[in-house]
Amino acid sequence: MKREIPLFVTAAVGLFMILSFFVPHQVVSVPADFLQQCAIIVVAFGIVLGGANLLRVNLEAVARRESGWPYKLVLVAGLIVTVVIGLVEGRDFQATGTRSTWIYDQVYSSMTAAMFALLAFYIASAAFRAFRIRTVEAALLAVAAFLVMMGRVPLGGVLTAGLPAPFRVESVAQWIMDVPQNAANRAILIGAALGVMATGLRVILGIERSYLSGED
Amino acid sequence: MILHPSHDPAVWVAALLTLCIFSFLYRDNPFYRFAEHLFVGVSAGYYIVLNFWTVLVTNLWDPLAGAFDGRHGAPFAARLGDYRGFLLLPALLGLLLFSRFVGRIAWLARWSLAVIIGVYAGLKTTGFAQGDFVAQVHGSIQPLWTGHWGTSLSAWVFTVGLVCSLLFFYFSREHKGALGAASRLGVFFLMISFGAGYGYTVMSRISLLIGRFQFLLYDWLGFR
Amino acid sequence: MPHVEHGGADDGRDGVLGRAGLTATGLLVALLAPPAHPGTTAMAGAPPIVIPDTAARAAAPDTTGAVPGVPAPRPARGLVWKDVPDDAGRAVDLAWEASPDEGVAGRVDGYRLLRSESPGGPWTVVDSVAAGVTACRDESGSLQRDVAYFYRVDTRGPGGVTPAGSVTGPVLATSQWFNHTRWSVLVLTMLFFAFVLFFIQSAQGEGKKPFVRRIPGIDAIEEAIGRATEMGRPVLYVPGVQDIEDMQTVQSLIILESVAKTTARYETPLKVPVTYPIPFTIAQEMVKGGYLHAGRPEQYDPDSVTFVSPEQFAYVAAITGVMMRDKPAAHIFLGAFFAESLLLAEAGFESGAIQVAGTANADQLPFFVVACDYTLIGEELFAASAYLSGEPKLVGSLKGADLMKIAIILLVLAGCVLETFGQHGLTRWLATQ
Amino acid sequence: MSLASSFERLDRRWIFAITGVLVLLPLLWPLNLPLEPSPPVRAYHAAIAALPPGSRVLVSADFDPASRPELEPMARTTLRQLFEKDCKVVVVVLYQGGARFVDEIVQDVARERRRRDGVDYVNLGYKAGDEAVMVLMGQSIPNTFPRDHRGREVGTLPVMSGVQNYSSFALLVSISTGYPGTKEYVQQVQGRFHIPIIAGVTAVTAPTLYPYLQTGQLLGMLGGMAGAAEYEDLRYERGMASRGMDAQSLAHLFIALCIVLGNLAQWERRRKGTP
């Protein structure tokens, strides 16, 4: 019961969604549309669940005075303050001038952007270390990286301006992107698509049921 | 160089938090850990509020309330896109997710999971089948002689690269002999593609840093 | 809570289930009953039945608000219709012959398309288009399936609005049972599924582990765990940053069970930080299961799997924290990764651990390739669980995918040859909508 | 100790420092290096230029502040070009955390071009559900987004009158940073509803989208800050992207140098016979 019904539901819903791709008739398309609407709503509940989980884990850590608990208190405070303000401010919480907007602009956006910007430093240090030409493969990796990198900026164009058009670095970079890069990337796409489809099929048919594991 | 530091406390908050994050480049430190934990908390809170108002209220509560207020027809008289009373089903499934917190009935969450997994497994399977499988195969078919040496050569390189890279992903035989040679050629193509991907991405990453510096310079320090 | 008119529940728009509505019984009836007008599809392409307009007012131009001195445009003619194929009966294509006045500058502004349930009106405007356009698709929300409509096209100009001399109808929008543009997807998908199911079946019958070629990246996982054991340090397993709806996450969690089995055998601690609540609970079960299969259930540490945060960078920050504090000797990143791949791999490299990564997100592979010791590329991630466990169901689907790849290669080569000789049939068949 | 082996032992924080300085300096003192728009960028520009004036265009802005430097200039320039053609613009956001940020950009450009909210354009805001939302919009956009970003009922907005689904639009502009984004639009929408799509994406995702560009599933594409700068160049604007390109050039040169120096260090070590 506890496992069979979910397995049946997954199979029925999954097959139905596949069917709806091929059958435009309303008998299929309307329930399929409804199911997607359901998925959207359940996923939103899941996000709330995640927040609740985070709160619980960190409150427990604070209560147990685990190492670094004052930081976890910062986390909990940040979460609660954001949620309370957002709920109190109501439907228009994102309007200009609200407190939620302030938190979003000054705290959330600036830190996401800063975290992301760390990558600029790492990409340089990885380049310094990682492109050591030891094998043919490594050489191809380094040369392709070098050419495409230079071909993507105006400076590259300036440095090779004297060459005939097809041999300028931006043309070479574009050719690498269009031909060999494209070919290999497409093979990865096709291979991964087969992997996803096979996994999807196994999940839908209940051959893969690990996601339902757990005590009964 | 003339500086006009901002008088807006909000800009100061954003700038200082940015610097807290950047301090990680030197090494892990209390400023970074403070910013990091604040970030986790605020982002989780923001996602909750966002999903509450834009999905749970707009797509669930409002139509449900409209369906049962008795003024707008029968509660279950649904039509495409407007499912009225039937929305009780996703509401129930959503609430069942929280059974995870109650040990004894935790298995109830599987029912919601079953619907989500079913919907997405179905969508992904057909989405990948069309977009990444059939469409890519379709896109790979091209004339090998175009009447022009340069483009014909590119077509050959492309086709050979695709076939060899696909053979690299062939798992049922040991890669020896002809298959071994082909898959090694495939690896060469994969490596060029990774190098190109890396080179192409440098721009994205540097862009992010430029964006932050533009903020610190122009908005915070008021550099003109 | 203010009441919301959700999508115009009362404005007369009809849903796809026709007028029956979607009541509980209505749904059942709609699902079981045959389409209201079986066979109407056949009419779709039939020549239009043109009924002369009986309403006299429709024939004369309406010159209200017209510019004095400019004659009303002459009417458009020959309105024809066609049911839009491959849909749920929500649209009709219409086309007409332009007004002869289109050639005269400043005479015609455009056309207005009107619809009615009876040839005599009342008419509602469903669309208006600019001059020069002589076709349009009516898919307004008020269009109902299997209802007979009549259409009329009016010509607008500075001199007034001239209705066409006749109306076209009855017009029926019907729904179809199969989208014909998707034959190729159906055939190739079914072929692939048949391969997979066949090989799963036969692998289960044989009872012995079928051959899978060596995948260095996967062998490296065991090697890395072994080294962590020698150094007496833990193993870090990162199952990607996506929720369970991503098949890579599903795959990674399956691999996690094999990894947990190995760490249990080696008696090495395992750390698994997870992003989303649902994969978190599944990861716990997988690790517990791994220890159970290895015969060491008592060694399972419930705190080895931790829930972090769905925010990708917050998650990365937590993982780098684990890397710095717990100093794992092996980092395994398998699953769906995005921009955080480089942060993880570079921070991990600094700690000196052996790193094995794998993802099907092609745009992140370069970073794993340059900063990790071994990388599982694309489909290798999906092959990993089959390779590690040797389970027939997993190996079977791998073999199915292999056969499909051969089929794809043959298809592409055949297609290229056909294209080279100017034969476009295969390419056309593969084009989908 | 030779120069090369000192490179080998270099604390990577020096590399961090040099990267930082090289990005900072051109922002203070620009070099104004010339730009040459690439074919995908020209195609993007042309796709909008070819629209009949007054067309309805759907802009799916699926990004958050993290990709601001690359995608914000694209979004701004695109909106300017659309408004210039008197297009009716409907904006949606499917990326978590982007709604508020995107709204700011839309309002700002609309103010600058004197376009009226709800009449000439509307921002429908964010909706969770990824691909499911994309497919739902193919059935009905007003049902998927009953209210806009400001909480107004979409049925009351003039710009939304007559908007049903994708076929109400002449073009879909997908400006995206990841999942869900352009790839999903191609998979779920371009195929099913055959609406022409052009895309503005980060430089990271651009390579994976080249296959779609080649097959015509995407009509045009802006890749990364360079794409944005080239687009600005085509439009004779000099925005944030153009200003950032000098810093890009120097940073690229430095990273290319890092590859070379890293290899020099290795060769020297090998010559000396140390492993």
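Of note:
For clarity, chains are labelled A, B, C and D in written order, and residue numbers in each chain start from 1.
The rule we apply is simple: a contact is a pair of C-beta atoms (placed from the backbone, for glycine too) under 8 Å apart; a residue touches a chain by one contact, two chains touch by 3 or more.
From a predicted model like this one, the values you see are computed outputs, not experimental measurements.
Looking at which of B-D and B-C shares more C-beta pairs in contact, the answer is the pair B-C.
When chain centres are defined as mean Cα coordinates, D lies farthest from subunit C.
Centroids built from CA atoms put subunit D at 16 Å from subunit A.
Mean C-alpha position of subunit C lies 22 Å from that of subunit D.
Of all residues in subunit D, those touching 2 or more other chains are 12, 16, 19-20, 23, 66-68, 97, 99, 125, 127-129, 132, 135-136, 139-140, 143, 146-147, 191, 203-204, 207-208, 211, 214, 224, 226, 248, 251-252, 255, listed in ascending order. Within subunit B, residues 25, 36, 39-40, 43-44, 46-47, 50-51, 55, 58-59, 62-63, 80-83, 86, 97, 100, 113, 116-117, 119-121, 123-126, 128-130, 132-133, 135-140, 159, 162, 166, 168-169, 190-191, 193-198, 200-203, 205-206, 208-209, 211 each touch two or more of the remaining chains. In subunit A, the residues touching two or more other chains are 21, 26, 29-30, 33, 36-37, 39-40, 43-44, 46-47, 49-50, 54, 91, 104-105, 108-110, 112-113, 115-116, 118-123, 125, 127, 129-131, 141-142, 145-146, 149-150, 152-153, 177-178, 181-182, 185-192, 194, 196-197, 200-201, 203, 211, 214. In terms of inter-chain touching, the protein chains here all touch one another pairwise. Here subunit C touches subunit D in the complex through residues 4-8, 11, 91, 127, 130, 137, 139-141, 242, 338-339, 350, 362-363, 432-433, going by the rule given at the top. Touching subunit B in their complex are the following residues of subunit D: 13, 16, 19-20, 23-24, 27-28, 66-70, 96-97, 99, 125-129, 131-132, 135-136, 139-140, 143-144, 146-147, 183-184, 186-188, 191, 202-204, 206-207, 211-212, 214-215, 217, 223-226, 240, 243-244, 247-248, 251-252, 255. Residues of subunit D that touch subunit C in their complex: 12, 52, 66, 140, 142-143, 146-147, 153, 155, 162, 164-165, 167, 178-179, 191-192, 194, 204-205, 207-208. For subunit C in complex with subunit A, the residues that touch the partner chain are 15-18, 22, 30-31, 35, 86-89, 145, 175-179, 182, 185-186, 189, 192-193, 196-197, 200, 243-245, 247-248, 250-251, 253-254, 257, 276-278, 280-282, 285-286, 289, 306-307, 309-310, 313, 316-317, 339, 342-343, 345-347, 349, 360, 362, 365-367, 369-371, 377-379, 381-383, 393, 397-398, 400-401, 404-405, 408. Residue ranges of subunit B in contact with subunit D, taken from their complex: 1, 25-26, 43, 46-47, 50-51, 54-55, 58-59, 62-63, 80-82, 119, 123-124, 127-128, 130-132, 135-136, 138-139, 193, 196-197, 200-204, 206-211, 213-214, 217, 223.
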